[in-house]
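One chain, subunit A, links the two complexes that follow: it is found with subunit B in the first and with subunit C in the second.
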Partner chain A sequence: MEISIRETGGVSVMDFTGNLDTNTSPAAESEVTRLLDGGSNKILFNFLDLNYISSSGLRILLATAKKMRTSSGKMMVCNLNETVQEVFDISGFAAILELASNEEEALAAF
Partner chain B sequence: MTEKTTKSSVAMFMSADLSGSTAFKSQAQGDGESPEWLEAFEAFYREVPLIMMGQIAGAFAMEDEVPHSGVWKVIGDEIIFMAHPRTPREAQLLTIAFYRTIINHDRKIFQRWPLRIKGCCWAAQISDRNREIEIPEMLGTDDNQAYVDFLGPDVDTGFRLSARAGRGQVVISSNLVQLLAGMEEPEGIQFYYLGRKVLKGVYNGRPYPLFLMAMPDCMPETWEWEEEEDEGLIALRRDVPMESKDILDLLGRIQSYLNHMCHAGIESLEFS
Partner chain C sequence: MSENSKKFTILAVDDTPENLDVVKGILAQNYVVKVAINGPMALKIAEKQRPDLILLDVMMPGMDGHEVCRRLKSNPETSDVPVIFLTAMDQTSDEAHGFSLGAADYIAKPVNPPILKARVETHLALKESMDELQKAYGIIKGQKDRMEDELNIGRDIQMSMLPLEFPAFPERKEFDIQALLKPAREVGGDFYDFFFINDDEICLVVGDVSGKGVPAALFMAVTKTMIKTRAMDDPSPASIITRVNDEMSEDNPSSMFVTLFLAICNVRSGACRYTNAGHNPPYIMRYSGGRECLDQRHGPIIGAVEELAYKESATTLSAGDSLLIFTDGVTEAMDVDGALYSESRLEQLLDENNFNTAEDLVNETLASVESFASGAEQADDITILAFHVEQEPVQLQQLDIVIEPDFKEIERVNRALEKFAGENGIPDDIAAKVSIAIDDLVNNIIAYGLDDKVKHSIKINFRFSENQLIIEIIDGGMPFNPFESVNVDTTSSVEDREIGGLGRLLVKELMHDVSYQRLKEQNVARLLMNIPA
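Showing the complex of A and B:
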């Protein structure tokens, strides 16, 4: 998995490529922690090139959402492919997190 | 194999086990390239961890943090989750999340295949009595993430206890029952006492107090002909849950007796 981070209009956009699973979640968690420690309080998880997310990947999203809530920040997730959308539906995360169909729509909602 | 030197902590283990899978595998061969049972197993391994994470999100909705948790082992028809609760409250919420996962997925899987799910939830104090070790020889480990295993009598108890769970039920270890029954806010958790049963190698061969967990807003789906052959379902349908003070009294007496007579070293869970 690869993660690249860019700033767009005050939002830290994390672009994920590959699979966010048990093996790759620790690296993702480190990146999120680094962003939060650096003062980011608007984070967009862009899953345009993410193939799959497992329960350990969901845990990273949940932990980030809680940290953002306590710091009055905001996080969103966008560009879910069919497989990732199914994971969100089965787990109920589709109703827990704020989702957008694409990056433009997500950025407009911050 | 390296012993991790960590301060005392509580580890929780939660087992989701497919019931009826052996018969199903022999019956559901299908007529295509992939047998029907394989689809059921793939769904089980894929969906249960996702549902568990969703239930954790729901249970911890009002909390600021979620404890570290995830799939610890997959053994045959069984998925075992592990978590490190830092407080009794976290242990309570993890137990609720696991219970709801079992009951909800039991209903779901039964609608699709002749399979059921049963659960077991237990805890171990990781200190002198139970140990956490790293096993660098395990496949899948790398420089950053060693495979971690847990050894000790309270870890083993769960594996014996899980065999006592019936379809659509969650059995729970006595140390966890003691912790949860002693909490001021029970959050709807109830316990049904099924009496004491000998679990091989547990409690120095003395009978172990067997408890089922229940939540009135999330009960297992059952049928009359199942009730007649399952003492757990009979208890859930016909008995009343045990009062917390009676649970604490019973478990306190058992603990005192075994520690005095058998040097069993049974201790209540403590959070640092």
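Showing the complex of A and C:
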């Protein structure tokens, strides 16, 4: 899996490519931690090229969402493919995280 | 005896007329006394006149008393007439001989009138009691015969309702079905049935009606007909059983009931839904060697309580799998010492053998039960129905991977699965879901199942045929059911939300079917995905 990070209008956009699972989640977690430590309080998880996400990946998203609540920041997730959307629906994450269908829509909501 | 309205007839036999006169003098007041002066004459009179008792002299010229007695006893017409020997001889050896010939008593000559009267009276009373017993026995036997007739009629109705021709669907190559009902002599009421409700879905039914004879047979016939009628326009086992139960319990004055297992299997997709109403749990034997017990209870026996909503469960039958449905006549078959065949013997039979056809499965199960019973009388009907999904060996693609219990190994599985999916045209989203499931399952197995400090490898087998992908994840760790106690509140807010249990929930929901069993010291988790055509 690859994660690249870019800044767009004050939002840190994390582009995920591949799979977010047991083996790739630790890397994603340290990237998120690095952003938060650097003062970012607006993060967009862009799943445009994400193939799938397992519960290990969900764990990172939940942990990030919790931190954002305490630091009055905001996080969003966009570009979910069908499989990822199904995982979000089953887990209830679709209801507790802020989702956008694409990057443009997400950025407008920050 | 004089007060008795019926006058008994006594035959006195003696070659000395004076002796006959003495006897006559003593008995004539209370009885009709006939006389004979030799053996052949005695036999003739005995057969013609049917006396109620015979007084017989032993010492007679020509045919002696012993011979007369032997002939009387060997003639069915006279065999039950009591014989009292009158003799001057009092040797015990002679008396013993007389008794062995069937004599009722001995009286020494010269006769003592009160003794003769008393003995005659006693034996006539005995004879009378005996006759009454015989009559009562005759009545009982008559009733018993009528009951057996009724049981036979019940049996005829029962057997005539069953589909008995096999192979039942010779034109269908995708599955194979076999059933038998071995009736017990008396108790019974088993039945089975199978029929297509549309082009692809077959309904399988096995039931056991309480009671016996014609009423049970009629109850069974009504149940069977009602099920078929309902099934034709209602493809849900739960709904069929609920409606049949309502109708059967609504008007059931005899309080009969029936236990029932009903499954509807799609012979193309293997999808199978079933409802168990108080019946023995059936078994599924997986092609991979695993055995599952369909032990969910979906409601009570049918015909007892009205307005109950029965439930149903679902599973999937894949190529090479078999479903075995049976009645308690199998598991409760007894040997001569009264021991039961039991579930455990059946399970052992299923575990230790591979049955490649439904016919094999049915016949071997019956053979095992019969060899266990070894001649003990069969107390209940034995019904066995097997449904076997044919294998498609040519189309079956397999991939087996063995990994160390290390998270890093999951990556290797994913790469292998990706390649396998690509080669076999398995859609990307199906492969992605399977990857998620494997990721979460292997994670759980490493975290919970293997903490006994022993290094266990984990086996992952993929099997793909036309429209199904089956994955088995096998580990030798301690017993651990990865699908148990999935209880996640998916509605709580970000603050309250906990992450535990999510993986298991995802696996259960993303896969089309999951199952777990502990088999030969191993955990076998099984996942199934249907591939859309």
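Following the convention adopted for this analysis, the second predicted complex is superposed on the first by the 110 of 110 C-alpha atoms of A that agree within 3 Å, B and C clash if a C-alpha of one lies under 4 Å from a C-alpha of the other, contacts with A are read in each partner's own complex, and residues count from 1 in each chain.
The rule is short, and it goes like this: a residue touches a chain if its C-beta (ideal position, glycine included) is under 8 Å from a C-beta of that chain, and two chains touch if they have at least 3 such contacts.
For clarity, every value in this text was computed on a predicted model and none was experimentally measured.
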Contacts of A:L99 with subunit B and subunit C, given as first, second, both or neither: neither
Partner chain in contact with A:T83 - subunit B first, subunit C second, else both or neither: second
Touched partner set for A:N51, first subunit B, second subunit C, both or neither: second
First (subunit B), second (subunit C), both or neither touched by A:M14: neither
Contacts of A:L62 with subunit B and subunit C, given as first, second, both or neither: both
Partner chain in contact with A:V32 - subunit B first, subunit C second, else both or neither: neither
Contact breadth on subunit A, by residue count: subunit C or subunit B: C
Which of subunit B and subunit C A:L107 touches, first, second, both or neither: neither
Common ground on subunit A, meaning residues reached by subunit C in one complex and by subunit B in the other: 22-23, 54-56, 58-59, 62-63, 66, 69, 87, 90-92, 96
Partner subunit B, residues of subunit A touching it in the complex: 22-23, 26, 54-56, 58-59, 62-63, 66, 69-70, 87, 90-93, 96
Partner subunit C, residues of subunit A touching it in the complex: 19, 21-23, 51-56, 58-59, 62-63, 65-66, 69, 82-83, 86-87, 90-92, 95-97
Complex contacts: residues of subunit C adjacent to subunit A: 407-408, 410-411, 414, 428-429, 432-433, 435-436, 439-440, 442-443, 488-495, 497, 499, 502-503, 505-506, 509-510
Interfacial residue positions of subunit B with respect to subunit A in the complex: 47, 49-58, 60, 63-66, 69-71, 140, 144-145
